[in-house]
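Presented sequentially are two complexes of chain A, the first with chain B as partner and the second with chain C.
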Partner chain A sequence: MATTTASLAISSSDLQPGNRLSINASSLLMKTGLTEGLEILDAGTGELTVAMSTKKLNDALGTADTSNWMYLANHATDDTNYIEVGLHDTIIGRLYAGDWMFTPWNMSDAAAEWSIEAEGGTQKYEYAFFKSTYVLANSAQANNSDGTPDVNP
Partner chain B sequence: MATTTATISVSSNILSYPISINKSMTMKRAGSCHGLEETSGLNSKKVESVTAFKLFGNAEATVGGASKVYVRNSGASTTDFFYVGYGEDLGAATIETIGRLYGGNWMLIPWDAVAATSHDIFAKSSTAEPMHIEYMAFIE
Partner chain C sequence: MASFTPTLTLTTSSLTSSDLSFSVSTSPTVTDTTGLQRTTLNSTSKVTKLSVLVGDADVADATTIEGQYIDITDNHGLRRRYVFTTADASGSASNVIIVTGTDLGSGTAGALNREDLFGGVTVQITDGDEQRDILEKLRVVINASNGHAGSITAAAVASEAAAVQSTTLTNPTAGESGVFLIDAKNSTWIHVSNTTVATSTNSGVDHPTLLDKNEFLSPAFVYIKNTANFSATAGRVFCYYDNHGAEDIMEIRGGHFAFVPLSPNNNLKAYTSTVGTIVEYMVIGDDA
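Moving on, here comes the complex of A and B:
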C-alpha cells in the first residue's frame, strides 16, 4: 500500500499581537473508506500565458464523491501576477506569485474540473493530483487490426 | 506589516521512486510585497449535526484579494468526515462541494470572497456523532 503524508506548518509572530500563531498539522492521505493509501499520482509543471485564457488543469474522470487531493503552486516572482483557480464554474481564489494551495477534491460529478487562468503575465506552475480512482478517456486512434477504433466497454 | 508563513511538505511512495513536495509561502496582500494583516482568528467547533454551517462569510474579506482559508478536521475518525465547499447544499453530488476532510485531514486554499453568498464557505458533517473542526481565515 502506498503511503502519502501531507504536513502543514503555519506561523506568525505578529499577525495576532501578543498571541504567537503556530499551527502544525499532518495527515495520511487515504482512499475513500480509509483502508488503503492513494495509488494514483498525476503531477507536472507548466506555463500559462495571459493569452491562453482559462485552461483545464484536471478533469473529474474518477469515481464521484471520493477522496482525492490537489496541490498547486505558482512559481511566478512578480507580486502582481496571479493564477485564478476555479472548480467547475466557481472561482476558488487567486494564487499569487509564490503561493501554493492544497485541497481535497470530491469529484462531485463529471463537471467538477479544475481550471486555471493567468492574470498579469506569463507564469509557471507546478501541480500534483493524488487520486483514489481514475478512468482513462477513450482514444480516437484506430488501434484494432481492422483499422477501427478500439472502444472501451 | 505582519509576516505569516505557511509551509507544506508532502511525501509519497506512490511511484517506484520517492515523491517529495516542500514549499513555503509568505501570505501577502494582492499585488503587494506586504503581508496580510487581518485574520478571523483560529476557531474550534464541536459539531453534532449533519446540518451545514458557515465557516466564513464573503463579507469578511475583500473581493479579488489574496485571502486564504485553513480548515482541519481535528478529530480522529477514519469513517466520518466534513464536506467543505460553497453554499449550504453540500453533499456527494453537489458541484459546489470542494472535498472531504477525514480525521486529521487539512486544507489551505486561496479565497476570492466574491461579493455574494455563493462564496460563503460552509462545512457539513457526515454524522450526528460529535466531530471537531478548526478553521481560520487570513484576510485581505
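Moving on, here comes the complex of A and C:
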C-alpha cells in the first residue's frame, strides 16, 4: 500500500532573539507493526456553521490501538473565528483561521471519535485521516441462500 | 511580538493512481515559547499506587515514624496530609483532623511546634507494626470520613512480604480518572518506595508537564516528538490533559511527531510504555 511521509518544519526569525528557530521533523507513517503502507486515506473538505453545534468528524471504527493519523485545517479568513476540536469527551483545542493540526490517533477504543464545532461564524475546514487498517461494514443487502446477492429482496 | 511558520508536508508514493503531495503552513503571531526541550519519561502507567520499600520490615519503635506524613491529592484537587501518630505513646486515634491540641504521641502538635501538620488526618500506628501494616492503616484512613472519604478508593494491601508492597488507588466514580497525585518526593514518611521500578509508587506527579495551563493562553501550539526508534510496542509516548477524565489524547510512537494547537485549561502530561523514553517538545503561544 501507499508509503506516506509526514514532514514538519517550524521556523522563526524573531521568536527566540539571537537564536533563529529551525525545527525539522520527518517520519515515515508506519502501520501498527513494523510495516510501511497505511491502507486508507479519508480526506475532504466541509463547511461548519455555528448552528450545526458539534459535528462528528470521524468515528473510531477501525481496529483499536492501531497507528492512524489526523490532519485538520481551518480555512476561515476571520481570525476571531475558530473551530473547537474534540476527541470523545476531551476538548483538544481551538483551531483558529488558517491554523492546522497533525496528530497521531490510536483509536484506543470505540469512544475515541473526533468532533468539531464552529465558534464565531461559518468556517470552511479541510481534513485527512490516514488509517492502518479498516474493516468494511457488512452490507445490508440481502443474500440468496447460495450466498449471491439478492437483486430483488 | 514574534511570528513563526509551521509547515506540514505530506507525501505518498506507491499509490495505484496519483500520488499525494501536499503542503500547508500558517504564520501565527505569538509572544512566548518554552524553547525546545527534552525530558525523560520514567512512569509507565496511569495507575496510581502507593508503595512501601519492604513490606515485612518491623518498626520496633513507632515513635521514629511519629509526625511523618505523606500528601495525596485526588482528581478534583482535594489534598489530604496523612500524619502518623503512635498508639504506644497515647497518640491520637486514626481519622482525626489535627488541631493544636491533637496528641501525636510525644506531645501535642501545638506543643511540638508542628504547625505544618494542622489540618492533616491522623493515622495511628503502634510498636511492632510492619511497613505493610502501616500502609494498610493508612489506606483505611484514606477511605475514611476525614480522609478522601470516597473520592479515592484505596485497595487492601496484600499479606506481608519481603518486597515492595502497595495499595492501588482508584476512582469509584464512573468516567472519572484514577490519576491522583502522591507527593512521594516531598513526603517525610521514610518507608515510601519512590524509584522508577514498576512496583514503586506511581501517580500523576511522575508524569512530566509538557504544557503548563498557568503559562499559556489558548491556543498554545505544541510540537511533540518521540525521540525513540520506531517500534510497534516499545517506547511509546502517551499524552493526556490532567482534567477529571484524563483521557489519553495522543499516542506517539518512536520517531513520530505531532503539532497541535491545544487549549491549556489543564496541564498536558505525558507517560510512556518504556522507562527512559525521551520526548522532545516545544510550546509556542501567548503568555497567560
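Observations
Simple rule for what comes next: the second predicted complex is superposed on the first by the 133 of 153 C-alpha atoms of A that agree within 3 Å, B and C clash if a C-alpha of one lies under 4 Å from a C-alpha of the other, contacts with A are read in each partner's own complex, and residues count from 1 in each chain.
Convention: contacts are C-beta pairs under 8 Å (C-beta built on N, C-alpha and C of every residue); 3 or more make two chains touch, one makes a residue touch a chain.
Predicted model only: the values in this text are computed from it and were never measured.
Per the definitions stated earlier, placing chain B and chain C onto a shared chain A by superposition produces a clash between them. By the touch criterion defined above, A:Ala64 reaches chain B but does not reach chain C.
By the touch criterion defined above, A:Ile40 lies against chain B but remains apart from chain C after alignment on the C-alpha atoms of chain A. Within the superposed three-chain model, A:Ser22 lies out of touch with both chain B and chain C [touch as defined at top]. Of the two partners chain B and chain C, more chain A residues are in touch with B.
Using the contact criterion defined above for the overlaid structures, shared-chain residue A:Met30 touches chain B and also reaches chain C. Overlaid on A, the two complexes show chain B and chain C touching the same residues of chain A, namely 2-12, 14-16, 21, 23, 25, 27-30, 32, 34, 37, 41, 65, 67, 71, 73, 82, 87-96, 98-104, 106, 108, 128. Every residue of chain A that touches chain C in the complex is listed here, in rising order: 1-12, 14-16, 21, 23, 25, 27-30, 32-34, 37, 41, 65, 67, 71, 73, 82, 87-96, 98-104, 106, 108, 128.
Chain contact summary for the complex, chain B toward chain A: residues 2-15, 19, 21, 23, 25-26, 28, 30-33, 35-37, 39, 41-42, 64-68, 70, 72, 78-79, 83-86, 92-112, 114, 118-119, 136, 138.
Chain A meets chain B in the complex at residues 2-16, 21, 23, 25-30, 32, 34, 37-41, 43, 64-65, 67-69, 71, 73, 79-80, 82, 84-85, 87-96, 98-106, 108-109, 111-112, 128, 130.
Across the complex, chain C meets chain A through its residues 2-15, 19-20, 22, 24, 26-28, 30, 33, 35-36, 175, 218-220, 223, 225, 230-232, 241, 243, 245, 247-253, 255-263, 265, 282, 284.
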